[in-house]
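Below, subunit A partners subunit B and then partners subunit C, in two separate complexes.
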Partner chain A sequence: MTMPAMCRGTGKTGMMWILGFILLLIKLVLVLAVLLGMAAALVLVERKLLGRFQIRYGPNRVGPFGLLQPVADGIKMLLKEDIVPASADRVIFMLAPAAVAMTSLLIFAVVPFAEDLTVRGRRIPMVIADLNVGLLFVLAMSSISIYGIALGGWASNSKYSLLGGIRGAAQLISYELSMGLSLVPIVMVSQSFSLVDIVNAQANYPFILVQPVAFLIFLVCSMAEANRLPFDLPEAENELIAGYHMEYSGMRFALYFVGEYVNMVVIGSLLAVFFLGGWRGPFLPPIVWFLLKVMIVPFFLIWSRASLPRFRYDQLMHLGWKVLLPLSLLNIVVTGAVILVTGR
Partner chain B sequence: MAKEESSIAKTAAEMVKGLAGSYAVTLKHLFRKPITEQYPEYKKPLPARSRGRIILTVDPDGDERCVACYLCSAVCPTSCISMESRERDDGRRHAAWFRINFARCIYCGLCEEACPTLAIQLTPDFEFCKDDILKFVYEKEDLLVNHGGRNQEYNFYRHAGLSEKGEKGTHINEKPPVDVKSNMP
Partner chain C sequence: MLSKEIMVDFLAVGLYLLMGVIFAVIPLIVSWMIVKRSAGVKREETYESGMQTIGSAWIQFTVAYYIYALIFLAFDVDVLYLFPVAMAYGKYGGIRDLVEVFIFVGILSLAIVYAWCKGVFEWKSREE
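Up next is the complex of A and B:
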């Protein structure tokens, strides 16, 4: 974590430790509030944008321009009855939604969201935890989130939920591999697993310029990762009704929902960090640049949802194993060769 | 080998073209004006013959048209129309009471088609909801309106329908009976 890093180099260790801890808490609260706020706002943004894509207005009844719709949704979710099916596996059923929401939020812990602040000669890193294996942590967390889907589907003890859960797991296996491999060239170029170092390595140019193929692979995989169209097979409304969260209601369903939207924001931030230079950019303050870049992926995902039909299951497997995986491996080989030849 | 490569490139190009096309279409629509009609603020004028709430119309002289012939009630598929007929002193039939249960009505319009006097008519008014199902039971005074509906001029009793009270040839528009013996060749 950052506390030892912050108090290293100063004498009054205990005092500094407490100060660092308070700073960390402030950062945690801020990030959590912003992230959840963005997720709530994104629900409205998605409905508004989808409406506009289909030449209709989105929700516009609650508050001015429908701006209070997330509040209304939240109240509705809180007041709904929390139903646990009689034949469901109670414990797993109740824990599974948390896994989705929690892992999505945890990923953001390693994402640097602004330039380091310097207050009274002390550097305050604008990241919750600068892990030196940050990228691996991201991949691990995104893999764990699928447990929420697979176990939620299984614990519901319903055909459609189970199918959705299995689909989610199978989809993850097909995509996680190429997603991880698409990030290997990034590590090769930036010489580090830490997301802070990856952003710092992009001081001169964003990695999208040198790794366009990896960028495309990551973008496609991020759609699958977020369980969004055209890869929303675990939900697949018109085949599986609601897929893995069919038996969920009330706040438990809302946790899946929040998890999905936080995931969109988090994937946006990852894309910004890995390929678009994180918070770096001219003229505007770093945090504004970061938020702008983060919103690219949610917009793209919503746009895709309006544009593309759902993949058939074998097409999804085909794309994952026969196209993206060889492509990402080839990308690694080419990147390695270029680094070997140019010597950097 | 070269041929195979070119076919792969062709397929890939087609795929990209297809994807880009669908994205372009949605992006174009993003900047179009929505076609939604904001319903409670803007009420679309409905065609005059659209079928909504049922009314009982009256003659141009203000007398009710219904002759309580029971045809509407007989044809009604949901049996939501009921009435009791009665005869006035001038021999004109009318409904003593007339009741439509709109909770059962399916707005099929068969009653209107069956009606021989244009009394029962459907209106385009569809905003028809209540907080209590019993409020959907409409009595005659709720159904009666003070106009002729679609055909303001039509007056059934100008021509027919009264039971005979006076002498032949004394009714409106009725010629006196011809003495058959007088017009022999």
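Up next is the complex of A and C:
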């Protein structure tokens, strides 16, 4: 239900199409601006919070309370030279960061972020594209983003980068299955792949109440998906220096950086949509509820970064294959039994 | 055959991708125009903790987890088949659905049990 639904049924089809197109463009620009703005703000929030966790102030020199720090960071990166190592594979080296940034942005295309707006009898859906295979689209995109890490690490032709890329791939094959499997019960309960339908299915209660195990599995997998501590093996700074993005500099490094932070926001929004009822909530407007729920995951990730040590990568693989995977398979069968007994 | 609505939805995703690319490319171009460039041979070397870079990173070595990767590949396809099963779950009612899911998941689990028993999930330090 996007543009055609708004366009059909009137005589001036052409006009309606143009109007729908303009609405879509406005929505796209707004979503991108908010998403990238949140990513920039998150950099500051992370540094501030990390400072507080470690009993220091964090950045407080640029602007009032250090609020302009993201701007300063951005200008600094803009002014840095973009160096490509002589021995690197030039084309792949230059394209790899885009894979990380683009896929994390693309996932957000199917995330509904507020209740549908009705202006003069015309419904404007607050989602870019309500794909009927939304959930599969999310899984596909999150798998593709690993190419940015693995290829970026390989193309640099540097030992540390290569190790980072290989660890990234190891990480993917450990958590990806459990992540997909933890969403199967959600589909069983909501009977739809569309993220809009999944939010609508949570009108009475959020799925975290009926799927606590799936929620926990998804949360652990999302830490691995975001490449954050305790699962930041691909970039483990005290053994691999910076891992897969070590040879990157300037704006190309910024692309990786922005991709990582957009990814945190996107994972937060996925958790909100699948388990916390998306934009639904009492009293406050939908968009406020949505933003509040989205911020849970980034805060949790920053908190865990400040408090947990890093896993070794065979430990991570054991966690994925021996704990999370059996648990998520068991969860599917139990969910099936419960649905059968209670009748959904 | 894709319906018109679905086509429009995918067009919207395509447009979104295009906008994202524009958002990413503009800073790259701006940066390319205004940066101060340095010169020298050393700056194009890959970083190795300040030492002279020794050899290429593109050499042959063992990726210890390749068996995991093989199992992952098989498993990932199976998981994809589990989604339609989940979608249809409860449509026909009764105990039959549960038995079918049980068999499906059971066979999937057997693959893990088999790999586990075979010792795939143990990392041994390799002797020369």
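As a working rule, the second predicted complex is superposed on the first by the 338 of 344 C-alpha atoms of A that agree within 3 Å, B and C clash if a C-alpha of one lies under 4 Å from a C-alpha of the other, contacts with A are read in each partner's own complex, and residues count from 1 in each chain.
In this text, a contact is a pair of C-beta atoms (placed from the backbone, for glycine too) under 8 Å apart; a residue touches a chain by one contact, two chains touch by 3 or more.
Being a predicted model, the structure only gives us computed values, none of them experimental.
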{"item": "First (subunit B), second (subunit C), both or neither touched by A:158", "value": "second"}
{"item": "Touching partner for A:184 - first (subunit B), second (subunit C), both, neither", "value": "second"}
{"item": "Which superposed partner A:117 touches (first subunit B, second subunit C, both, neither)", "value": "neither"}
{"item": "Touched partner set for A:55, first subunit B, second subunit C, both or neither", "value": "first"}
{"item": "Partner chain(s) touched by A:30 [first = subunit B, second = subunit C, both, neither]", "value": "neither"}
{"item": "Partner chain(s) touched by A:88 [first = subunit B, second = subunit C, both, neither]", "value": "second"}
{"item": "Touched partner set for A:340, first subunit B, second subunit C, both or neither", "value": "second"}
{"item": "Subunit B versus subunit C, judged by how many residues of subunit A each one touches", "value": "C"}
{"item": "Contacts on subunit A seen with subunit B and repeated with subunit C across the two complexes", "value": "none"}
{"item": "Complex contacts: residues of subunit A adjacent to subunit B", "value": "49, 51-57, 303-304, 306-308"}
{"item": "Partner subunit A, residues of subunit C touching it in the complex", "value": "4-6, 8-10, 12-13, 15-17, 19-21, 23-24, 27-28, 30-32, 34-38, 43-49, 56-58, 63-65, 68-69, 72, 75-76, 79-80, 82-83, 86-87, 89-90, 94-95, 97-98, 101-102, 105, 108-109, 112, 116, 121, 123"}
{"item": "Subunit A-touching residues of subunit B, taken from the complex the two chains share", "value": "19, 22-23, 25-27, 29-30, 32-36, 38"}
{"item": "Interfacial residue positions of subunit A with respect to subunit C in the complex", "value": "1-5, 24-25, 28-29, 31-32, 36, 77-88, 98, 101-102, 105-106, 109-110, 128-132, 135-136, 154, 156-162, 166, 169-170, 173-174, 176-177, 180-181, 184-185, 187-188, 191-193, 241, 246-247, 250-252, 254-255, 314, 317-318, 321-322, 325-326, 329, 332-333, 336-337, 339-340, 344"}
